[in-house]
């Protein structure tokens, strides 16, 4: 079953342009100049029930606008969409019963109240029966381990605890489709991990379709089965995570802290190793795992430098996206 | 012991510091144009409403004198009290904020008196706002009830307003400095404002109040902060002005003593708690 | 039929849940709740005190006596009070629209305007509401008729406040940042509802019953409470419901405009 389809979904904003200076302001007051700004340009998507999709793109690529159209908040300029069997902008209210939204920076929990009070309110908003609400609440409290925080005002919870409550709250009405906007932003690694597990579990148990935007490569890798990248309002890439991982996430960044100054001038180039920064006491290089293993790559440096400390990390998502754009551009040139 | 010349030099130094602080505070006022505009439009509304109210009360008779005031005088009286009331910056909120975010520790390390700093910045701001409100309110009143012919009253008004704003500063400082002990000063500020409103004679000159209340008001500092300058502005009697001035000075000394005492105790407490 | 009843029941339960959450939020800060509400009560009482001083000098002004002005304060504060306690966001619509807070309400399946309105409770307004009843107990007409008339007055006043502010708040859909203007209208309107309508003459009086319809509140003590003036009452009721209807229509139009998003500045 399809959870979501769009066809040629587009959105153009009219933006008021204010000429500079006082005379410009006065003129703009009487005869404003409008300029078209294409936010989303003909997006085609087809997502099956139960899929977990990462929806990526740089700031201003049209992610928010697309999500707002898919949830019925904004009407498109042209194109079609069907979400959970509804046309979002025509049946916004009916659709709202079937979907859930979590915005990392905008809380739906009442700040001064304990989470349980917000749960109660949400049960009324989504018209759950008392029995259903009680069962549902019990299940989520147990799985999300919310017991200890349930009666503590939200303002006294840590960000991680709050986020767990936030996500549990959005699952309360059994949404078929959950939109998550930066769900792990600002959390530490352990908490991020836990939140991803919980979302995954819901996805498996209830076949909830997950539609997620994130700047965290970990979210994409561990939570999603498919990646959609948009850029300049259009779909740039739509592939299974496995393949993206093989193609793009195969790079690791290695940071070395050196015990003494090293001279690398005479060192031969190693295939798959790319030195990014070389300063006294510091060395950063990236490793292409398709071409060389981490161990081998490190071997190339051992003996030549004295290592005091070392970290291996995923490249930030921006870099991955840049990489995708880069290869896309190359392909365009080739074809 | 400091020589006389040394002491004079110290006074001159703190005076010029005060002027420097005042100049900055004055210039900053120009940045708050919207605030100024909002207060001006509030002034317009309130003066218009009260002109209508007093006209109705006087039965539209411009020559009638009630409690010593003609219709024109009572509207102008309101211009003066409002100009003073709206001139007062939110001193308590500012000091409370400084105590809460620890900025006070920085201020205390500066080679300038803490209360003196606030007085300088307050007076500059208050004077700026006072003159703007006076101009705006004056224009409105002029249009509503006609030009003032208060003669020497203007001089008396300005003379007594300096003392009045200083008394308002000290009253608000007492509330503000309580921030050393309590977390919330807005409640006390509120009470202070309401006292100004009633026993200060903001809307109703004391002369129009019942006997018993007038007698109470005579013993409170609030009349010196609003009623004195505004009444002097519309009815110039030089003998009264001298008496008013004497009472103002008396209150200034008494209130300054109280503020100094509270401040010393507050700072002592601050040092104990380490900010 | 039964589904319709279900729908209404659902909305009712939803409103109750909103109010419960609002009230619980307010009680989180019990002390400041009572302090703020008490301060508002005190503020209004001081105004009553001013009017007592005023009327001790001028016992009758344009046919108004002290009691009428006290009832006027009771109606204005009481009406403002219940509206702001139950639908505390009605004065903040411009702010909510222009700061992009509508999205949260739009992604949930309840009537958007109602959801916005009921999502906040003004704490100080509880003091206003209490003040209204205190004054009624003090100088009101303690008969069933007097009670019903007072309740009707409160209802009209609150609805008029809400209707006007919804209409004014909707300006934000078309002109973006209009919080300042909306706030200014609100404050001026509240101020104007607390002075006897009959002290105003000429153009001012005309304005009071047209552009700035505060007169429909500030004549209630004479035209409804003292003795029913049918012409005034019909006008007041029609203006109130007219404003309410206009507010709801404008809000719906505004939402459509917001959703089709042609002229709204993009806030990503």
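Per-chain numbering from 1; labels A, B and C assigned in written order.
Quick note on the criterion: contacts are C-beta pairs under 8 Å (C-beta built on N, C-alpha and C of every residue); 3 or more make two chains touch, one makes a residue touch a chain.
Worth saying up front: this structure is predicted, and the values here are computed from it rather than measured.
Enquirer: So which chain ends up closest to the centre of the protein, judged by Cα positions averaged per chain?
Expert: Checking distances from each chain centre to the full centroid gives C.
Enquirer: Which chain has its C-alpha centre farthest away from the C-alpha centre of chain C?
Expert: A
Enquirer: Please report how many Å separate the Cα centroid of chain B from that of chain C, as a whole number.
Expert: That pair's centroid distance is 33 Å.
Enquirer: Find the geometric centre of each of chain A and chain C from their Cα atoms only, then give the gap between the two centres in Å, rounded to an integer.
Expert: That pair's centroid distance is 43 Å.
Enquirer: So the centre of each chain is just the mean of its C-alpha atoms; given that, what is the distance between chain A and chain B in Å?
Expert: Distance between chain centres, rounded to whole Å: 56 Å.
Enquirer: Two or more other chains touching the same residue: where does that happen in chain C?
Expert: none
Enquirer: Which residues, counting only chain C, touch chain B once they are in their complex?
Expert: By the definition above, chain C touches chain B via 32, 35, 39, 42-43, 46, 49-50, 53-54, 56-58, 61-62, 180, 184, 187-188, 191-192, 195, 198-201, 204.
Enquirer: Going by the contact rule at the top, pick out the chain B residues touching chain C in the complex.
Expert: 34, 38, 41-42, 45-46, 48-49, 52-53, 55-57, 66-67, 184, 187, 190, 194, 197-198, 203-204, 208-210, 213
Enquirer: Hey, which residues of chain C end up touching chain A in the complex?
Expert: Residues in contact with chain A: 10, 13-14, 16-18, 20-21, 24-25, 28-29, 102-104, 106-110, 259-266, 268.
Enquirer: Looking at the complex, which residues from chain A come into contact with chain C?
Expert: That would be residues 11, 13-16, 34, 37, 39, 59-60, 64-65, 68, 71-75, 89, 92-94, 96-97, 99, 101, 103, 106, 108, 110, 112-113, 117-118, 120-121, 123-127, 153 of chain A.
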